[in-house]
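Shared between the two complexes below is chain A, which has chain B as its partner in the first and chain C in the second.
And then the complex of A and B:
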């Protein structure tokens, strides 16, 4: 009996081999992937948090992060190589993954994110962004000592206020999109005036970067996808600009019609809005007809924009970024089964009718001039 | 020692008794002359137990006695009539006499009469009834038990006049005999329970006990458990509630703490003022107590495992903060936690042992100064100090002090498991504690009830204190035990 107790104590003696104290780890918040100068190698930049010291003076002096850059053939090898420079890497807290455009032009995205998806430590909720500049430059931008990864990460919440940002693309989303139709858009990050800004987007098709979009395109794409959660519609009436703010989506209906091999997609959306600014000197928002007119002008503007992005998608990028394939898959499963490999072609030839119904339900605390 | 019958003559008696009690300086011999009969009486008693006013009355009565000429009565009859209210027994031998003297009785011998009379002129030394110091309530009765068993039973009888309230008294001990009383409601307490309690109390008859705490350890189901299997209380209202629920209450002379059996874990987390306050507040406080129990045991363990094993489970900002506070600390979190927990336990112990004005100072000096200095000297991280303080505060919210002690000890177990196996170890420890609790019994009834099965009726008084219904009687009854 006494010996049994000793045997039971052995696990306690052998303990703690997984123990690794938090202050001895490198907490990675962001990663950037660039092309290396060496051939066939990628360059990995890890953004590592530096814990604030105890005293105040120390705090002001030191940066809150450090960047470690290594290059290797595979991402995992690069991460392991970074251990020659810094403490054990912990990617649990990784919030963003930046990928340079040049990398995506050469290497399939599937391969780039492979390690992060496979590894249990990196969260699937980590956000993916595209950069025109080298990611190393973006992650190295010390703006008032703030951590660049956090700045980018926190901008995603503005999606409720502006429609010029794509809904956040998580690693998990990217992976599942790559597994299905392989066509989606990635939000871009840029440096403008020594500040990080979200600008532009890249269009991915079949794991490759096939084109880039500007902010207006992003807004239009959001309208088409039904992803608008807020933001402004700018339009002109009576020769003066006015703006309408989106409040809430009231309906979205997508129907698909098949005529032989020709596809017609009808998208109908409805939003409630608010007249948020009006430069017209003789406005009279108390009159229903005045608001109705404004609604119509705004609707026309949105429909025009959407038409433009549809044209771009169909003729420039030749891919169905909008995720409309799901409706075809659901509504015409047999047709989809037969033609799913030719989806890009079918999408490019399809007729897409977009109809938006805006309703101004509020015009704020000013409605007219006496 | 042989039995020696009393002598007839008083001076012989006195001589013999004195030689028998030669070492005892506090035995007092007092002679009284009874003029009516020209005879002498002798009182023998232990100084200090005597109720002097009652004694004086008897002495006065005896010395004023006159021989009635019409109906002459013998001296024996006279004495018997005078001492009738306090007379307990007659004795024939010196050994008996000695025994009764040290039992606190007063002996009266009359010259010419062999028999000695045992008088009960004892004065019990008791303190006044006061507020129970270990179980305070904001609202509710402010009366507590005292060290006298008879007073305590009187207190219970005062609030419960029902004739089916049974009080059974036993004597326990070899050298000092202590009265132990079993109290229960006939018909409410199950027969098997009464039998079990009786049997266990009888088993410990030959033990000298100073407090009901010692009795508790001897009659509980197993001593190898950190959890008290019998609840103790100083509060009569708690005892009455337990009686109504069909429990047996064990009280001991010399101890203000009553024992209640069987006990369940939910009882230990209930405070009487849960029922005296409104039910929303009562439920909130009760739920809070369960939460604080969990925090007491597991918070330091969870901290250790999150910091040294699973930092990925912390929110990023919190991870940064923790890493920052731990930056220059030389110890791993486990050592750090042990240092701080032990310090706090030491302070707490010192605070209890020292006289109360100094005790508070020690608490303050220890808590504030050591904590602050330890952080500044980078011996421990500031977060660790916060965590240790929280676990200490939460451990005080348990209404039953002994139950709180159990959880304070278990905390160290949780810390060791966490330091060895991380969150997995913490979970493992939780499972071990729960399975131990499920196995535990109190007087052969499950300790963990009513958590052992799911039902609204049994749960509604466990985690929460839901409102009473006017019909259906006492809420305590409905919370009741399944087999009573």
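And then the complex of A and C:
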């Protein structure tokens, strides 16, 4: 009788219904969305990890990934169609989502990311990028056997060292922004000299792509919305170039003033910086006035850049990418409630004053020439 | 056995109340409240609701003490007379059964959606119910032990998960505070009742607590642990997802945990831990309500407790099978939300008044 119980217990050892062998799953690390040649269809490229040691020929350099491309009307249909080619797709570990510019000109971004947000497996922390070339080309770039998705994903960490990259846009952020004012910038990815680089950015307004920006614009935009975490300001003094490295933000204050329906936004930021390079032959950083002059020159440079991007935002894209609407909403809730839908117009007519205060707190291990 | 007397300590009472409150409410609460008030002031609503209910709890305890209630069903019988009491008692039992099956159903849905896609929901639900029955053969003392064990575990894990979210929260999303004035907040007062489910149980546990003088502190501690967790959850979720987004996602709290990854420790994705601890909480809530349903039947029909436990298995199971889709599940919770104020507020006050009248007439 006791033995019988043991036999009855055997089924319990069979573990769970949903078990899958890991080598039978297709782990997706990146996805790309292009326009299909067929009308009204989108083309989906999935980048799938190939576990090492699966290749038949030992000598042949083996790719660490494979790409699967399918075309369908909706994204989910495309994912399901890809099952005709590969094993069960698992998007739990998806790191990036690339979207081609042409797609965003035609189809609202909200629709494109809808499936990923709804899905139970794709995480909201997956990053979104924009591409000029077809995403298929970018994901197919065999760069010394590196996985393109991972290369792109890891580049985002450089945001602390350069200000020409936008802060990473996660799927969750994108979805939240699309739900509120629907205007933000999205980092672009390009191929240059057979290498993947982060270059340019797209401006999204009301779910559609309304324009593109270059790297300098990105830097200025970062200055405007306070996302600068590092990087260099290059300027010229005494006829020679010099560069100032950003160390840390010390303050940022945004105040908004209403005069009837006319909006004035004042942005004040402060940073500590380092004089990191100076080509001027008669440098004397040990003198206070020398540093003060350098500070002033760098400040002027930043303010000039920001002025330029503000002009572009107000007149070219006509949308408040920089997230300044939050301050209006918080400081003038009643006004915002009334004019929510006219925000782009109000922003385009607003006066935006930008003031930066850079303090050079050190000049490295050399401070003077001769 | 030392636990044969079936009495619980006030600390155990606190743990039971906390565990019965922490259920599906926490996972949907940011959405249900934000939907109603349409601004980011939900945390004020929560604090207000919490304070109001806790004041009411104090009042109830005074009332229960005054009448020296040891068994709430006997107390109801005294108030309503034999037949009416059975009717009211049955309504209460139906409500308990309803909540029990709702919790197990919500858990089944969550498990199906996030964890085990291909496992039939019926299996998940049935396993949970059977595990509950097994636990409940030990009556209230067994539940108390489980709650005392699970509650600290839950709090530690949840707070740890929340702590690691610091990077993604943006406090700007919580402003403006009271930007639309006080009116929407007042309107939202009634919302989010689902998260307060569980507090009504203390009325029925009043008789089982060993030291009557410590009941109040036990109940209040048990009540404020979840309320504080709720406020933290609300603040973090809304600060991360923004108001319009919170309104549009089904399980805001899970979406919130999914919006960040942690670098540096060997685990990057934390939603798994939230889901696992929450299954424990679902289990506790379910078990506690199941127990009170069975207990109620025993009191009303004077039959064996074990029989009732087994009779309830198919009832709870089929009740959980009625809603066909997500919308119906949320409707289910809305219906329960209508009965909840009756059990918490209406029933004890009416009972108190009638008993008070009857007793004073008898003595006078």
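The definition used in the following text is that the second predicted complex is superposed on the first by the 347 of 370 C-alpha atoms of A that agree within 3 Å, B and C clash if a C-alpha of one lies under 4 Å from a C-alpha of the other, contacts with A are read in each partner's own complex, and residues count from 1 in each chain.
The working rule: contacts are C-beta pairs under 8 Å (C-beta built on N, C-alpha and C of every residue); 3 or more make two chains touch, one makes a residue touch a chain.
In this text the structure is predicted, and so the values were computed from the model without any measurement.
In the superposed model, A:274 makes contact with neither chain B nor chain C. In the overlay built on the shared chain, the residue A:340 is in contact with neither chain B nor chain C. Of the two partner chains, chain B is the only one that A:25 touches; chain C does not reach it. Of the two partner chains, chain C is the only one touched by A:125; chain B is not. In the superposition on chain A, A:90 makes contact with chain B only, while chain C stays out of contact range. Look at A:51: by the touch rule set out above, it reaches chain B but stays clear of chain C. Once the two complexes are overlaid on the shared chain, A:238 sits clear of chain B and of chain C alike. Touching of chain A by both chain B and chain C, each in its own complex, is seen for residues 16, 18, 92.
In the complex of the two chains, the chain A residues touching chain C come out as 16-18, 92, 117, 120, 123-125, 170, 172-173, 175-176, 179-180, 326, 329-331, 333-334, 337. Chain contact summary for the complex, chain A toward chain B: residues 11-12, 15-16, 18-23, 25, 27, 29, 49, 51-54, 90, 92-93, 95, 121. For chain B in complex with chain A, the touching residues are 307-309, 311-314, 316, 319-320, 322-329, 332-333, 378, 416, 419-422. Residues of chain C touching chain A in their complex: 113-120, 123, 172-173, 175-176, 179-180, 240-245, 248-249, 255, 258-261, 269, 271.
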